[in-house]
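The structure's right below; bear with me while I get my questions together.
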Amino acid sequence: MLRGLYPGRFQPFHLGHLNVVKWGLEKVDELIILVGSAQESHTLSNPFTAGERIEMIRNSLRDEGIDLSRIFIIPIPDILMNSVWAYHVSTYTPKFDVVFARNPLVVRIFKEAGYKVEVPPPFNREKYNSTYIRRLIILNENWSELVPKAVYDFIIKNKGDQRLREIVGTDK
Amino acid sequence: MLRGLYPGRFQPFHLGHLNVVKWGLEKVDELIILVGSAQESHTLSNPFTAGERIEMIRNSLRDEGIDLSRIFIIPIPDILMNSVWAYHVSTYTPKFDVVFARNPLVVRIFKEAGYKVEVPPPFNREKYNSTYIRRLIILNENWSELVPKAVYDFIIKNKGDQRLREIVGTDK
Amino acid sequence: MLRGLYPGRFQPFHLGHLNVVKWGLEKVDELIILVGSAQESHTLSNPFTAGERIEMIRNSLRDEGIDLSRIFIIPIPDILMNSVWAYHVSTYTPKFDVVFARNPLVVRIFKEAGYKVEVPPPFNREKYNSTYIRRLIILNENWSELVPKAVYDFIIKNKGDQRLREIVGTDK
Amino acid sequence: MLRGLYPGRFQPFHLGHLNVVKWGLEKVDELIILVGSAQESHTLSNPFTAGERIEMIRNSLRDEGIDLSRIFIIPIPDILMNSVWAYHVSTYTPKFDVVFARNPLVVRIFKEAGYKVEVPPPFNREKYNSTYIRRLIILNENWSELVPKAVYDFIIKNKGDQRLREIVGTDK
Amino acid sequence: MLRGLYPGRFQPFHLGHLNVVKWGLEKVDELIILVGSAQESHTLSNPFTAGERIEMIRNSLRDEGIDLSRIFIIPIPDILMNSVWAYHVSTYTPKFDVVFARNPLVVRIFKEAGYKVEVPPPFNREKYNSTYIRRLIILNENWSELVPKAVYDFIIKNKGDQRLREIVGTDK
Amino acid sequence: MLRGLYPGRFQPFHLGHLNVVKWGLEKVDELIILVGSAQESHTLSNPFTAGERIEMIRNSLRDEGIDLSRIFIIPIPDILMNSVWAYHVSTYTPKFDVVFARNPLVVRIFKEAGYKVEVPPPFNREKYNSTYIRRLIILNENWSELVPKAVYDFIIKNKGDQRLREIVGTDK
């Protein structure tokens, strides 16, 4: 039985993320989707709470017909110490055999901790990019095709787009 | 669609907990099992990591034939402020309509935050009690019948019983 | 112009505390009442929030006809380091010339930090004692004469007595 | 009896802030002035300690003849979680009925928490602006007319202007 | 080149500790003395600051003629997560090959993290025991023979015995 | 007996730092080298762990023939409160008589806390500058002459240069 870890912030979960999930599920029996910076929300970089992100991810996977019994979705707050982060992660999750990550620092930290790391194939990263999608939301431009329908519906229904625009307006 | 929250530390998850899960699933469509004190492990009161607890709970539910697509298992670290705890929880979880809890302080905190709370029926709380089970483990007495088979197997396989006995021996 | 600091947790503010305030106001022009452990509430030792304690203290002083323009009531959260606590306090408060304290550790810490400390006269400390008063509240015995009327009224109106009894009942 | 909350960092308290206080006191019986980021000081954005800010605000209100028995001045440290900030505030303060705020994020957070929010009228925000005033202090240009006299006197007497210029010079 | 780690709180450093240092220096080329709970002081269990403990240890080793170029004395604050503690330690210290520890939990945590652990020989642990020595100090009984002379001199000169007795007297 | 404090982050320790150490040792009997931001590592500004920095500093001093019994090398984590930082430092270190610092904020904070501060003589600060050296490492340009040989050897042997380049590549 093989288990993989897929860390991210998923602000929001988009089709590039979904693609990694599908790709990963071909390589391992179970996949842990790690929702990082769980303590953050209501900021420009992290508009959605961990709970909202978990719900959006789960709805998206269900819509895709992915077997949820093969998936763990686990939120984790940041700690201030990069060098112990991989170990911190390992206490919040079931044991895993491989990490799916592209971010060079994340790759390095898990490798230093002795984990096997695989870099997922690229998937049009200019477009399927959370920063870019948040910008489109703020500018009220079209972003619906970049995310799973379940993500779009959740954000619209919960007025997440309006929240993001209000945060941008902050003069704090 | 109704969603319930079931908070606990699950050190370890036992048949009383399993009973509450089944009882809860008759009342709501989806149940969030909240694994509290997620940052704790390797202590007498909290021997298991959040990841170990999540895995034990999940294995137990799967063995019971419970539909995992109706379940969220979400770890959450403690914060030091009781008065904001209910709100802290609400940022880590999807929205919920009712809380299943017996602990008077937990009941009070969620009620003060405006949540509906239901107290699960008692289920032989002298026996199905995590403190009692940890004591049996330490004393090497029989505890296998008090927990789901998946919990027993996990603890034995990962030498969790030995860890607990070593922690007791601590002279720190 | 002389300013004094009077630190405490005030869980709750009682007639012994009030007495110290009056005694202190004869010695200094302005008095800072420092409400410690501000982050705590809903526990057996710290049932009331900082905000509730501030309101109870203020109402008590007003009822006594004390000139509020001579008083600062300032909440401060704990820090984990005793040795810097006096300095931590000094960043939350206007400058002060003398500390009114009886607790030997508090006395020592402020003295080590170079402050002048005066010990208030005792005032029937068996009776006018927050731990004792909380116990009476829990046991539903008579405690109304041990606190200012404003404190009693506030606790009854906000069901603080009921909160305390529920906290005691906790099986967490 | 109506109570309002006026959150800010007040680095330093200026005539625009004073104007909001006066405007607020026409709408409510009691006003809580919440001094945010209380743990910060000696930085470019937050040069003054919470205690210094409290003293400057209080002196300004007294000079204006404002009845201090209608005012609470309460420091509060930051927490890292925006989504629970409104609840965090509510544990440090007496209960309040309305929030006076202009910052869109603050407005949003209190609205999400169920509070009524009113936006104070603008008051020449280019001039009466703490960032702008700190810049003038650093450049040694004229800023005395932008703040209450009590604030100016306090800063000069305590060499706060010199502190700010030294912080700017930091090469840390 | 072999390096060993010797963790402890050293409240205070006594002849049993000194014995472990000497024993360890026969086994490794360099020894890291890790001064734990560095953030603590002025409590019954942790009366001395990290800096005071470092100075006492260093003076003791110098008096013994131990080559200080073979020694690191490194303070480290606690973190709340036992399961990542060994990794936390490894970021504060140069790399080490073996851990000298007796405490079963410490032994377990370092073993789980993949370190070699050796248990030092016992050395009259009823007598050479920090808890016991602190009690003797409080009771003003004879403790001078249980600690290196440098420790005794430091505590007396800095009135550490008086501090300890005042802490005991605390009624906080 | 005079003792000096020399605070820095030493990311990495370079010849300018070494020069200050030598200059300081002419003025005091013992020198405390305080390794700040000890909790940080694996970032662009703080690539090395506290333990790595301690080892590099120690090796450099030994190579220079500096008497290590006159030196303390003490790591300290950040606290969020500038105004209590000097006191925080004093709990992690033996008592000191003078601070050697150039950073204006550090100078100010120690002066406000009552310490004597001396500014070390400049030593070609354009070249002997940690930020500049990290940039050279990243660009793979020549930096070996700017640091003690022991620092260069340590970084190369432990692939610290590669770590730094990977961190720069981060897209987190």
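Order of writing sets the chain letters: A, B, C, D, E and F. Residues in each chain are counted from 1.
To be clear about the criterion, a contact is a pair of C-beta atoms (placed from the backbone, for glycine too) under 8 Å apart; a residue touches a chain by one contact, two chains touch by 3 or more.
Predicted model, so just to flag it, every value in this text is computed and none were measured.
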**Q.** Neighbouring chains shared between subunit C and subunit F, ordered by label
**A.** D, E
Q | Between D-F and B-D, the pair joined by more C-beta contacts | A | D-F
Q: Overlay subunit C and subunit E by their C-alpha atoms and let me know the rotation angle in degrees, rounded to the nearest 5.
A: 120
Q) At what distance in angstrom does the C-alpha mean of subunit B lie from that of subunit A? A) 26
Q) Could you state the distance in Å from the CA-based centre of subunit A to that of subunit C? A) 46
**Q.** Where subunit F touches two or more other chains, by residue
**A.** 39, 41, 49, 81, 83, 90-91
(Q) Graph shape for the chains shown, where an edge means the two chains touch. Line, ring, star, complete, or other? (A) other
Q: Write out all the pairs of touching chains, ordered by chain label.
A: A-B, A-D, A-E, A-F, B-C, B-D, B-E, C-D, C-E, C-F, D-F, E-F
Q) subunit E touches which residues of subunit F in the complex? A) 38-39, 41, 49-52, 54-55, 58, 62, 68-69, 72-77, 90-95
Q: Could you please specify the touching residues of subunit B with respect to subunit E in the complex?
A: 39-43, 49, 163, 166-167, 169-172
Q.
Give the list of subunit A residues in touch with subunit F in this complex.
A. 80-83, 102-109
Q | Touching residues on subunit F, where the partner in the complex is subunit C | A | 81, 83-84, 87-88, 90-91
